[in-house]
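In what follows, subunit A forms one complex with subunit B and a second complex with subunit C.
Moving on to the complex of A and B:
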């Protein structure tokens, strides 16, 4: 058995195509991003090695810190919205009829492309003909704002479709986790006189903690690299008030043709994502995992 | 006495007030769930409605009024005039090719990791899993310059290679749990009968993984169908663009015709919605499997 299963040629044949592909498309580019970041380069001409100049410029770049701040706000907002998703999943996990139907309906927005969602919400937010302002006017607001054109409102206006897009995804994850909790625990608690809130808070929440940690990592890292929807809806505007790290990188590289500087931002983004993942995992690490079977 | 019956007895002793309270509680829960469902679905219903109207009807009639004479010509118009037909077929074939490749390559690797005996297997698995944490954007500039050097910019292969590589980790992760759970007895018997590894994999193992392949296939298709940033960066000619970017450009040119925009968006999301209608359980299962284990 072992002899057949350790045939080197077969192993190479099975593993190498995927391994080479992921090295070529993911790992080598990561190393190159770090290297390009040390150069002055417009993407076409010759590269000029300039050491850490790009990174020094990055530290002094107010626009960059603005965009990093927006990414951070998005991360905080997304993490907070997890609470809402968890509550909805808790409601779903109560033994109700038609739960499957609701769960599937919630999931639909996340199946759609960010471009389609962005275009749809552009129409919802349209200052004069959009459904939101038509509604606000009909209930008596004389001059509703142009949501995406005002620096003070634009981030908030972008949060709403993001909340809408990911609701089903997180609700589904939480629901699956809550369903995994054996019914016997809940029944035992009921016999001991626990009410629905106590069961949710003292039993379901702690047992779903592992999954909650995973979703926090997903939400934070997802927010830090968020791009598509913002790129389509506002392109970072007005005046950079909705620029995030990924869109700033894109603009520097593919609009300003500063590939060196863009790469420095890309490398920074990578490091931030890896560090944040590591920190969250450390902070939320439990010493003893809960067994419930 | 069983614990369950004790609970039921105690509940049974409660007054009818408690019964009404619990009925009320359930109604509140249903109201919460319904409000969320309406919020999730409402923008899409509005989109469907305005895709069947002209501008005058969109702006002058109440938003949720049914289109009096559904204007299917909106769909006809954009299907050919906006190049949407070309983008649509590009999306279809690129999605299918990338998905099939990802599943075939992913299955081979997963089999090698879970069943074959070799030294670097856990290291290689680690490489795939760490890749899941790497933001696509951090690889974008080097990928652009690499593809540029080997003349794959504005070539569908640049998309296919990127899709396969970036979807490989999640695909392997979903497959992994399934492969670990597969019984080994059949394979052992096959080895004793003198079967080769290839025969075992293609004749025995692969056919046993049909259900998980369907799940990963759906997940891959949704990702590939909706992918935006690679197409936007690597592809410049209309002949190779996919729907996400094509839709974006088309709408950029016709910002005022809401019916046409609605029809374009509907065309771009319909295939996924139809797939969802038939395969929703698989999709739900796949998304749950793919994320919870992370």
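Moving on to the complex of A and C:
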């Protein structure tokens, strides 16, 4: 078998089908999207080549930058919430009673589909019948806000279910990383008189750093291209106050029939994601990685 | 060496299985086609692909009628098989766009009028259906319905439904607070005030969908500025900066200020708002006549509620130019035939048959108002339906829904501005400016 695996032709034969598939359904569409972005096209009739006009319009489009700002805010919030997830994972990885139960509780939102979560939270946020406002009224708030209808609140109201949805995912990753740290290190530290906080900060955190870097990239890029919950819950409204880059792209392409412009936004979004990923990798690069040994 | 051969063998086997799997599928497809066609007499077997948006779960009444018409048609034309593809409204719109980009439209499909239709016509994707209009269907349509499907003098779709939008109200709630149906806008505002003071939401409005708010603006615009000024502004020959149109926009905001609409309306979908009306938590609800089945025949809604629904025409404004018999509405969906269809003649024949049968069956079967003329005197129909049907015949003018009438880009601006206007994020002046700018830009 080893011989077979070292044969270059066989390797190519194994890799080729999936490579072709990925080319056909991922990379070729990316190139095409970039090309469509150079055209004026309503998605139906003939395309008209207009060069970089769409991209120039994009730079000047206030609505786009507005939605980009919202995406950026989501990225900041999801990165900050990683700290909370890490703390939870540290608690869960400690040998405490009942931890198993909590581990499952946190994972459940991850198993639900986005649309189901959206429907659930729509009910929670319902201005008159929702659990949230009923609760607020019962404890004395006479006139609680209509969360999804107020331009100043809607974005934060959306962040909560989004962060809640992904909490389990990140906690799981952190949990696995922390469990990977040899128990002997912790025991040695304890013998040396380190308290729980010192163990977490000086031992667990540095050893989980590689994983943390990956989750930062995942959280930031995931936030920049986020779409589904927002689409179902507010559709970018009211009046664009919860519009993010991906939903703006959808509206331009599928509602305003401007496929050329929509494609330009999509391609721009891809470039932004690539740049951000690169920056994060650069910023968090460390020369010598710590080994468990 | 032996192992290497084994691996290659296994791999080939895998590929073969995959390939066979693909082959199997296409074989099955072929078999089905020939099986369906086998019922035919000697003539050539034809399959007409028909894509529509009446899934059983959402539009049960319509779905039943469609299936009925298709099976009747197939019985009468044994050589024709109608193959259905059913999608939900929003998915339908998206799929239609994707299919047209690759020029693979179904032979027969559902389309909307005016602004929606235009890009498809410009892309030469729909075929003109004027020959059908001068044939069997000559004179069968309610006047003003096919016009919305015409571009440059040719008709590219045949409408199935015709809608107007009344204000439905809950008679029980009105009686409880001793309210009368408002004739003038002043009375209407008084009704709103009384309801609001008694803790009842006056109007159910789900403005997350945006076109719902557009209806309210359009009526106010019509009553203040008159139908002509509104139509001109929408078509671009007039302006939204017309004094009366601006007044209508500011009136929307004063309605919002007087708590006329349910709480959080800008974040509620039309369905959510409707349920407020259905639960008697809101007293009024403005919606197209396509909602009629819910207030007349739909068994899922308590009879007690259905009996308590009445309607009134949008009241007139003192000093306004609008007339009480002027409506906002227009033809609903229609059928198109694809220009690139291989079976155009059969598809057209099916459309002709479908439109005619739909007219007869949709009245009793689904309770929607068809675009073709129907003699309702012989049918036993719910009073609400008959009353609205008669109102439609008395209409002095019917202004097509603004978002349908405008081109896609301008429509998108209009809808966003509506949400902003209701949310008080723009001034009425800015609202008008944005409209004029979007309409003059075209698509």
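In this text, the second predicted complex is superposed on the first by the 277 of 293 C-alpha atoms of A that agree within 3 Å, B and C clash if a C-alpha of one lies under 4 Å from a C-alpha of the other, contacts with A are read in each partner's own complex, and residues count from 1 in each chain.
Heads up, the rule we're going with is that a contact is a pair of C-beta atoms (placed from the backbone, for glycine too) under 8 Å apart; a residue touches a chain by one contact, two chains touch by 3 or more.
The structure presented is a predicted model; accordingly, all values stated were derived computationally and were not measured.
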If you stack the two complexes on chain A, which partner ends up touching A:127: first (subunit B), second (subunit C), both, or neither?
second
When the two structures are overlaid on chain A, which partner does A:43 contact: first (subunit B), second (subunit C), both, or neither?
both
Looking at the overlay, does A:14 come into contact with subunit B only (first), subunit C only (second), both, or neither?
both
Report for A:237: first if it touches subunit B alone, second if subunit C alone, otherwise both or neither.
second
Greater subunit A contact set [subunit C / subunit B]:
B
State whether A:195 touches subunit B only (first), subunit C only (second), both chains, or neither.
neither
Looking at A:225, would you say it contacts subunit B, subunit C, both, or neither? Reply first, second, both or neither.
first
Check the residue A:152 against both partner chains and state whether it touches subunit B (first), subunit C (second), both, or neither.
neither
Which holds for A:256: it touches subunit B only (first), subunit C only (second), both, or neither?
second
Touching subunit B in one complex and subunit C in the other: list those residues of subunit A.
1, 4, 7, 10, 13-14, 17, 43, 254, 259
Going by the contact rule at the top, pick out the subunit B residues touching subunit A in the complex.
3-4, 6-7, 10, 25-26, 29-30, 32-34, 36-37, 39-41, 43-44, 46-47, 50, 58-59, 63, 105-106, 108-109, 111-112, 115-118, 124, 127-128, 131, 133-146, 161-162, 164-166, 168-169, 188, 191-192, 196-198, 201, 222, 225-229, 233, 243-245, 247-248, 251, 258, 261, 265, 268-269, 272-273, 276, 280, 283-284, 287-288, 291-292, 294
Subunit A touches which residues of subunit C in the complex?
3-4, 7-8, 11, 15, 93-94, 97, 100-101, 119-120, 122-125, 201, 207-208, 210, 262-268, 272, 276, 281, 408-409, 411-412, 416, 419-420, 422-423, 425, 443
Seen from subunit A, its contact residues with subunit C in the complex are 1, 3-4, 7, 10, 13-14, 17, 42-46, 122, 125-128, 146-151, 154, 234-235, 237-240, 251, 254-259
Per the contact definition, I'd like the list of subunit A residues that touch subunit B in the complex.
1-2, 4-8, 10-11, 13-15, 17-19, 21-22, 24-30, 32-33, 36, 43, 88, 91-92, 94, 96, 102-116, 119-121, 123-124, 129, 131, 134-135, 164, 167-169, 172-173, 176-177, 187-188, 190-191, 196, 211, 214-215, 217-218, 221, 224-225, 227-228, 232, 246, 249-250, 253-254, 259, 262-263, 266-267, 269-270, 273-274, 277
